[in-house]
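Below, chain A partners chain B and then partners chain C, in two separate complexes.
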Partner chain A sequence: MNDILKKEIISFPHMGNYYSPIYSLLSRLFNNCKILIPAKITKKTMELGEKHSPDFVCTPFKYNLGNFIESLEKGATVLIQAGGGCRFGYYAELQEQILRDLGYNFTFITLLDAKKVDVFRLYKKFKLINPDLKFHSFIYDFLLTIKMINILDKIENIIRENIVFEVNEGEFDKLHRDFVYKLQFVGDFKSLNILYKDTNEKIKNIVIDKNKKVLKVGIIGELYTEMEPFSSFFIERELSKMGMQVKRYTTVTYLLFEKGKAEKVLLERAKKYIKFPLGADGTESVAHSIELCEDGFDGIIHTKPFGCTPEINAIPILQKISRDYNVPIIYFTFDMQTSETGVKTRLEAFYDMIKMKKEAGYV
Partner chain B sequence: MKIGIPNAMLSHKYMVLWESFFKSLDFDVVISSKTNKEILENGIKYSNDESCLASKIFLGHVQDLHGKCDYIFIPRHCSFKNNDVACVKFNALYDICNNTFNNLKIVTCDFDYNRGKKEISEYLNIGKSLGRSYFKTFRAYIKAKNEYRKYCNNKYENQNEILKNKNKKDNNILIVSHPYITHDEILGRPIVNYLEKMGANIIYADIIPEKVKGDLWSNISKNIYWKYSKELLTGIELYKEYIDGIVFISVFSCGPDSLVTDLCIRKIKNIPCLNLVLDELNSDTGMQTRLESFVDVITYKKKAGAINE
Partner chain C sequence: MSKHYLGVDIGSISTKAIVMDENNNIILDKYIWTQANPILATKTIINDLKKEAEDKGIVDELNIVGVGTTGSARKLVGSMLDSQVVKNEITAHAIGTLSIYPDVRTILEIGGQDSKIIIIQDGVVVDYAMNTLCAAGTGAFLSSQAQRLGVKIEDLGDISLKSNNPSKIAAKCTVFAESDLVHKAQIGHTKEDIIAGLCKAVVSNYLNNVGKGKNIYDKVVFQGGVSKNEGVTRYFKEALQKEVYVDKNSHLMGALGVAILARKSDQEKKFNFDISEQDFITKGSECSGCSNNCEIIKVYKNGNIIDRWGNRCENSKT
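Showing the complex of A and B:
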């Protein structure tokens, strides 16, 4: 394995557009290796992942595994998995075992051990792959990537809020694609700032019609289905097309930096309904739905992959909130068998329902 | 005053401790009846359809106790020493029950080590919230804890006795599943009874001494952090020399089991394993066929082994 002549190929699982900053980070950290962005998630990825996964594991496991298999087929030799709370922290061990049982040969790296980021251990792990890695550049690159993720989240938030008002269809989409593509090749803070300013400038130039009557909806729920559009059949795009303005809380920036601090505030906000944290993102779902109801949103969309325990915990409480505030909440469960048509039909019905409800309110 | 304890979920593990604790505080303890069809149906009615079967049964038990006692004891289990955690289902049981049923009076406590809540202080809080003195609660806790320790060790010794006295011809089958599945009247019992009827010797992986030296679980899984799954893995490692087959029982859409069982089956190479997943639509016949063929496999394997020797 320590063959110096052989060039390692590094790959990682997909989640939304975050592949772009991750690619940038890895290509700077491991300049002796090739970085392979996994193939875009397709039906085939899902099928591959499902075939080799345990039956009733939560759906992100299957997507991640599908990504890994496709990357290994393309020649990847190093796989990176993040790890986190709830079941996510245990994905790595089983995925490694499954892939080894399938006969692949690779090195597996987990970023978080026992739910904690240990910078020095991470550095040591990375140094095994790239012996020339300097500690200061390791820190610099990490900080830069965090900034990149932050800016990506900011831009995506602006787009999410405004896309429904656009006059010429497709302008925001094009700008978004361009931005994500350019982000991959950013190498320092200066060019990152230039890109950010540039994109902001472009966003201002897009013609929008703020007088358009739209419905306001919030998306809450489990993080993967919220952030990986394929796993929820591009629900956000679907909503904007129908004429709904979307608000979403969960982003990687939020998960990394704000979640820890926010817990007490969230519990305080939700104290009428819950006494203890519900585990993983359950508390967020409850507190954010209360916030959305109080802010006068017309409807709430709750998404989760099949078998997501924390979100199932939150559902009885959300139902009560929905009754108390008289705000409709629709629950979507996504797994391998969910049909896209079914989701669309339900969304359309939901849209009609909240629209009628609002019109009746005006009378 | 009557305190009700639902006979489901972690009560199967801690019943001795809790019962003794509340009795020492001079409360009457009401335990819900063993799981039956009615409780199961009520549980399904009251819970979200995607919840795991064990938690549905739990809600059925709470409904069974509703009105029969002054307070129902529903603790929250979250994190323990050494960064162990419980399944997130246990984090939310209190809030789920509180939001599902109206006018439910609940006594609760929060076992959350990582947020600085120690076990003993939580028990003292229970005493305080029920109007018992600090000293009395403390004594009750110590007494209950001792009883629980004795109970665990007794159970372990009994099981060891069975292992020692076993007939070499008997099939020793290890049941690996959470206590609230193994010892539940509807979930695990029928399986255990059927295996016993076929002449198998049943050993439970959830019966382990209170303190086990060394990290036995790490032989199977290095990163596991669910406390109760960890204990089951310890059980597998403790008994693996004596057993001829392993039956994994999990309930449908159980979070930790969906990953851990799969890993176990992949890692345990030389012992035959059977994985049973229970849901509310189970058929007895289907399960019996699988158990019969599994016992056959073990028996033939043993015979073949004996000939080879």
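Showing the complex of A and C:
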């Protein structure tokens, strides 16, 4: 094996708990390299990203850049960026340039530079880093990772829906942490299935009180603020703590494999309000809020980073939906502010409002 | 002996406190500037209430059994006063206003640093919105412009009423508004017209940002510190083409609301006015447990820690 390649250290940006399957995928594909999970997002990540980003770029850009800098400082030599819809698609080039200007040396790989997931293109790219990579094992690992992401999303969905009913505080959190930790070491379908079964079994053993009166809310909006808890001051956790059951549509499984097919259905569902797609996740925001209203949810929470154009497009339509269905929607814009007091005040008021509204029989 | 309740609303600019009886009647009230020192402001206002009670000769009849706090310093002052209820401003304001106007449908509220709209249906809050990223179009905006014009903020409203030809001023952003204002002054607009323009700008900013997408039905009540400005009220009436009610206690609704919530909480605890003689200090420190460096605040009463908050996880080191 090539000695120079042996020294490559690969890193990638964070989003929620997806580092776990990504770590697993990369360590199997590039057994000739070291895989570096970026440091957990903290205030320092934010500050680094903010310092070196254009001020008006959307917030996820800043977080990603912060992740990259922290990884480069730890010795990363290869950086991977996803790429995709909206402005996110242009992040990679700009981030690469900023990092080069800062004097870092690295190889930069963008996964989705074509419009769709192109397996052959990806294979060719990966082969540049690991010349020994066989196509069949690449396909196997690729499929396994998809399955892992799928299972991660399933488990997190179950936790999201049930954590509010938890009797002994902290049980779901512990199970969640254990599961994510174990997931990164899964190497084949068999052990993945065992982990899935095992985790499901453990979930069944957690004492929950389904009779507890809770309010049902849905989270919609831009994908990064929905999926990276740090960027929204851990809004889902706050909601559960207050006594709200949370539903969220956006997951990586959805974005990669369901979104493409869903557009027609979503437009059909939202036809009273929109004729054309709104770009990025804007169409979802509209169609899903209609669904939440029709399913009898008590309230909807819309999140977006500062300056997110597709979601700004969606907001006036959401306001109309809110009036038509008489379901309140609260809007949050996240950027680099560090005071979460404002967010907590608004959430608390939102909770009080929908609770009183429900008690008065308005929902 | 009848029971009384204390409500304190500690905002970014002003601190409001009221004492009410069991029928929600305000018997004592006080309004002072917070001056970025909520602890001192609370001590002062409690002392002021006591003096007012002494002046009225009712201090011996006072029997405060419930305390509630609201406003941006609600948590800090809540632990200072050992209050039963610590509530956000939106809920508190709605409850306070409903006790005076049971048929209110829309509450317009402009305070020192935030502004909100609350939509009510049959006495229940059904929707609300608050300003998001910045404080444009709030009391802070008016007070900085008043300063620039060399006018007392209390006089802004009266001066603006003298004008029938308000200058057009962009209120979207305080910085833009300021350059607009300087420009208008330099080309010869009168002070009255400029001030009237400012008041009008506050209204259009509010309706375009906070009130965006909301249906405003009668009865409309306008409150918060800025409601004392008659110019702003005038342009609200003009823009909405509706009667806009401003209560004489429009600045006290938050304090009243939270006092009512304290009464409804059914937890009674005797409140002592000696709070102003106690020594309260807060200490801020950065947790070194991880690189989140959460800002931890500890509150001490006479040297003993009574409360702490700010950490995101359990790792925090004391």
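In the analysis below, the second predicted complex is superposed on the first by the 354 of 363 C-alpha atoms of A that agree within 3 Å, B and C clash if a C-alpha of one lies under 4 Å from a C-alpha of the other, contacts with A are read in each partner's own complex, and residues count from 1 in each chain.
Here is the rule we go by: contacts are C-beta pairs under 8 Å (C-beta built on N, C-alpha and C of every residue); 3 or more make two chains touch, one makes a residue touch a chain.
Since we're looking at a predicted model, the values are computed, not measured.
> Taking the superposition on A as described, I'd like to know which of chain B and chain C A:F120 touches: first, second, both or neither.
In the superposed model, A:F120 contacts neither chain B nor chain C.
> Once the shared chain is lined up, is A:F306 touching chain B (first), chain C (second), both, or neither of them?
Both chain B and chain C are touched by A:F306.
> For chain A, which side has the bigger count of touched residues, chain B or chain C?
It is B that touches the greater number of chain A residues.
> Check the residue A:N326 against both partner chains and state whether it touches chain B (first), chain C (second), both, or neither.
second
> Using the superposition on chain A described above, determine whether A:P316 touches chain B (first), chain C (second), both, or neither.
Both chain B and chain C are touched by A:P316.
> One more residue to check, A:F234. First (chain B), second (chain C), both or neither?
second
> Common interface residues of chain A with chain B and chain C?
On chain A, the overlap between the chain B and chain C contacts is residues 306, 316, 320, 333.
> In the complex formed with chain C, which residues of chain A make contact?
Interface residues on chain A, with respect to chain C: 39-40, 42-44, 234, 306, 316, 319-320, 322-323, 326, 328, 331, 333, 335, 337, 341, 345-346, 348-350, 352-353, 356-357, 360, 362.
> Can you check the complex and tell me which residues of chain C touch chain A?
Contact set of chain C toward chain A: 72, 87-91, 121-130, 132-133, 212-215, 290-293, 312.
> In the complex, go through chain A and note every residue touching chain B.
54-58, 61, 86-87, 89-94, 97-98, 101, 113-115, 273-280, 282, 306-307, 309-310, 312-317, 320, 333
> For the complex, give me every residue of chain B touching chain A.
47-48, 50-52, 76, 78, 83, 87-89, 91-92, 94-96, 98-100, 108, 110, 221-225, 252-256, 258-263, 266-267, 277
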